[in-house]
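Take a look at these structures.
In the two complexes below, chain A is the common chain; its partner is chain B in one and chain C in the other.
For the complex of A and B:
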């Protein structure tokens, strides 16, 4: 048990120092620029908790962010980079839009349509990620390259769908589709998107899969030591393919929820918040938890608190929202450096 | 006596709670080959790494030519004329010999005096009998050639003192003879050599004098005339009452057992990449040793048994049934267990807990994984606890990351894992390499117990002395083919050794 205690103490140290450091930096800059530091501090950290609106906004951002964070974290367990979480999200959102608009005349009830669309969205996210995984497993193509390329494909697929005569909103000056049929959208509970249920289910599923199942064990084993895993009969190629399919499905589900629950239609550039893509933010968040999937929901929530705080800072005090991206980047770098130093690998 | 070339006085070094060096005094005269002998972990390498500037000593003093010096890095020691050849090659695999030798030394930022360097390298290699191809990429050459390149690199940088750390680990017999020849020539030209080893024979054949270390202290230094095997063994293993025989080998008795009528493991004209027409069998109640100098198909042999999909011809049978085309897990399910050669890189999930490591290879068994694919962690934890207690794995508890175990404890947990599901056949590759004698003894006893209980053991090793203690038969592998097979009553070290090197 000594090991666990030590790990916990180490974690507290790492995150405490990192958050403190980045906060000190941001506040110092704000002080130099003549802002009210105390107010900036409370705005940044407590906007999420001071009003129902702030809290709802935080949850709204945390859900998609959690999905893209998973999308990066799971392949990262076996040391591969899925840079395509964003694209997989776009694919998911596009697929549900197209399918629900095509099926609109049929008039399926929500009870049938919604589960079907969730599956479609996950499949659409899993497909490009699976291609990247397959290219790695079969042809040894670096997934960084294939997933980045597929992001472009995804981006233009959104454009294609949102500008197609059949789907586009003729009154909009931007590539946007007509709204989804009501049966294909999700509502809110007290302003909190119903997709929260899907997010919770995803957390439980990922947790159980990784901690309790043989598949999860095999993924972790490959991550610890690929050679030993192979030597003792774990199929490396299958593991790569599976992790990419899973991460793509989760990102796709994130995109699906964005379309079905937030926008109600497909909008070019929808997978963004405060001007930053969820894909990049997901990578950032994943680095904070160093590829530990169990901490993803917490980290995604924390990052969303900062994002909401940042929006508020901009609105209330005219502090540019980018200031918070700087602070997030400092946290990531500080966490990575401290973790390396403390584990003795940095020497 | 003249002033020594190098002198270490009262040097101590502590790693965590381990006293690696405990007030060591050590000195070397000019122009001799000095052996540095001791068990694994005696402090030989640590002492030399202090001298070479890789470790800073906690206390003590280093003198070169009688002058106290401060060696902060290998750069300082190179400037003082000290060169070191490490156990594992430090050459850049993508560079050729010349590029490796001139790396970090020659020319300014914009010019490379390749021709001059080549000339100098040729001179050195001709003088000392250290020939190697200059323009072949290092990654393609043998361990022996790499070593020659490293020695020439040290000489090129002006080494007067050459430290060789276990230089014979990956050499074949003929290469060892050559190395010895070169070292003797070096000494006549004014170079001093320190030769780190744990092999008695090398000391007797190569060294003019020897310093024996034990548990971080110098036991004694002996001149050529004073060296006898008995004396050296006593110095190496002072308080242990072992038979003073050939070298430091554990004392395990092997009683005759009844071997099973049917072989448990059969190889029938098996061919695979790197292997040709292998045929032999292992019965229950038998330990069959496979003797091979590394690089002669022994890795491939171990691999083909646990990954039989790579068989290109012939058949492997376990207890009479063909395993051709089966996956690794299916082979395991047939009662085969395996411990790989390289325990750190192939044997363990480094950052994984001991529990997670116990499951490895057993993750297809119904005992540990339900048919829905859920791991029964409680059962795995229980199995882990029994491994820890039965094999005396020294750990606070089973949640520890396995990389934090010492080499011996790590190996014990790997062996323990192999026996978790009572295998009928054990394939084990160099299970004792780098371990201290008590752990070796422990592993030997486990192998013998498996034999007594009717299991079949295939034991691949390059240590012939060890193989001869336990094996009922020894199969010699050379160039991927079987070069000979010897029954226990016909064991003859010279004859087997000759087959191993292709004689």
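For the complex of A and C:
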């Protein structure tokens, strides 16, 4: 019991100091630039809760953010960095767009089409992540490099699909495809995207997988002590490949939902919010919770609160959104430093 | 022939960016610091360097500020790593995000919105007499001073690491910091110096993009080159002279794929734009057996 209390106190200290530090920094800069500091503060933290619109926007951002946060968190459990959550999201979104537009003349009903597209999106996200996992397991190439390089490949793949004669919207000035057939899209409940069901299912799935299955046990064992895990016969290469495939599938699903539920078509730059890539924001969110998969949904929600606040800050007070972006990086560095310091070990 | 010369001149221009950035990664890596913050440093230095050059009207001031910005971010990285033993990779990734945020923020706050894109002051070219007129060779010798600085830095770091006692000591830190410490090499001080100097090199590479190459600032101007620099450093087995060869290889891939994109109408141009990024991975797989790492790169060192 004392241990839990101490852990809690430590958590309060770490997050309190970090958020306080970065908030003080942001507010000091805003004050120097002549903004109304009090108003900036309330806008940043309470926009999400002051209107139904603000709350819906928060959920809309939290769903894809949760998926990219998982995408970073799961390989991070075995100390590998998947920087490619963004690219995996793009691949997922591109694949469902291409498949549903190609199948549009067939006219499949939603009950068949939607599950099929979800599988396609997950597979398309798992593909580049699997390549990165394979490059690590087979050729010892650092996933930081491979996943980033594949992000650029993903970016141009979106551009390729969104400008292809067959798919492009000829009236748009930006690379955008024609809309997906109605059967391939998802709706909303009181403004909340239906993909929230998929997000909840993903949380339950990841939780059960990591806590209740042999594979989850192996991942945690490798993360805890790679050499010991190897000695006890855990196939390290297989664990690497699996974590990357899983994280890619989750990021791919995030991209799939963005296309099927939010935009209804493929738009270049769709996997961004508040001027930042969901992939980068997922990395930040994951680092804040130290790659603990159980905290991911909560962390993604709070990060979205800040993002909605940042959007509003830009709209209402003309404060550049990058301000919040920079402060989030400061929070992360501060949390990481404090955590390493207080736990007395480097990660 | 003239076409080859023009192409080669352009390749040398881009080589400057890739080589300086990967040289920065190499220098820090030799002391065991794996600096993955390159993309963030390049972006922050591009913004700060461009603004300084624009408002001072002097390209040299721009590069000085770019180098300083790089050194500052490098100092943050090494300070947090050495003091708190936080993972270099986590710090590096955080700094990438910090740098990409700060670059646009700084530009928006200082420059604001302008109808016409602000243009960087011209960086004068310096031609080497006689040699500069020889075809092919001349393509390396008709450039601004930063290109020559790149040649000097590559040569100087090779000379330092492989021809001086201090360089040997410094390399020992990257291979085995405990042994280096035992024989009296100031491990922590050298790591500070190497990371800060290396990050300044990356900063110059970042400032080169808006000041010389596109002559104005644009968001996300580094476009992944800071990350590719890490790939080049690995491909180069963390050797300065090979960082130049690697830098030239990727500059050639970038310039040639850009040319092919214009010429070819059969293959969608996006494939050519993907090429440099796929090439990084291909090169790393192909040369896998020849790549050597400093044994302790990326690992924290503490006397305790």
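To be clear about the criterion, the second predicted complex is superposed on the first by the 343 of 347 C-alpha atoms of A that agree within 3 Å, B and C clash if a C-alpha of one lies under 4 Å from a C-alpha of the other, contacts with A are read in each partner's own complex, and residues count from 1 in each chain.
In this text, a residue touches a chain if its C-beta (ideal position, glycine included) is under 8 Å from a C-beta of that chain, and two chains touch if they have at least 3 such contacts.
Keep in mind that this is a model prediction, so the values were computed, not measured.
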item	value
Which superposed partner A:284 touches (first chain B, second chain C, both, neither)	second
Partner chain(s) touched by A:51 [first = chain B, second = chain C, both, neither]	neither
Contacts of A:42 with chain B and chain C, given as first, second, both or neither	neither
First, second, both or neither for A:220, with chain B first and chain C second	first
Which partner reaches more residues of chain A (counting touched residues only), chain B or chain C	C
Shared chain A contacts, counted only where both chain B and chain C touch the same residue	none
Residue ranges of chain B touching chain A (in the complex, touch as defined)	306, 327-329, 331-332, 338, 340, 345-352, 356, 359-361, 363-364, 369, 373-375, 377, 396-397, 399-401
Partner chain C, residues of chain A touching it in the complex	33, 81, 83, 135, 139-142, 144-146, 148-153, 156-157, 159-160, 164, 275-276, 280, 283-284, 287, 320, 322-323, 325-326, 328-330, 332-333, 336-337, 340-341, 345-347
Partner chain A, residues of chain C touching it in the complex	36, 80, 84-87, 89-91, 93-95, 97-98, 100-102, 104-105, 108-109, 224, 227-228, 230-231, 234, 268, 270-271, 273-274, 277-278, 280-281, 284-285, 288, 300, 302
Complex interface listing, chain A residues touching chain B	1-4, 212-218, 220-221, 224-225, 227-229, 231-235
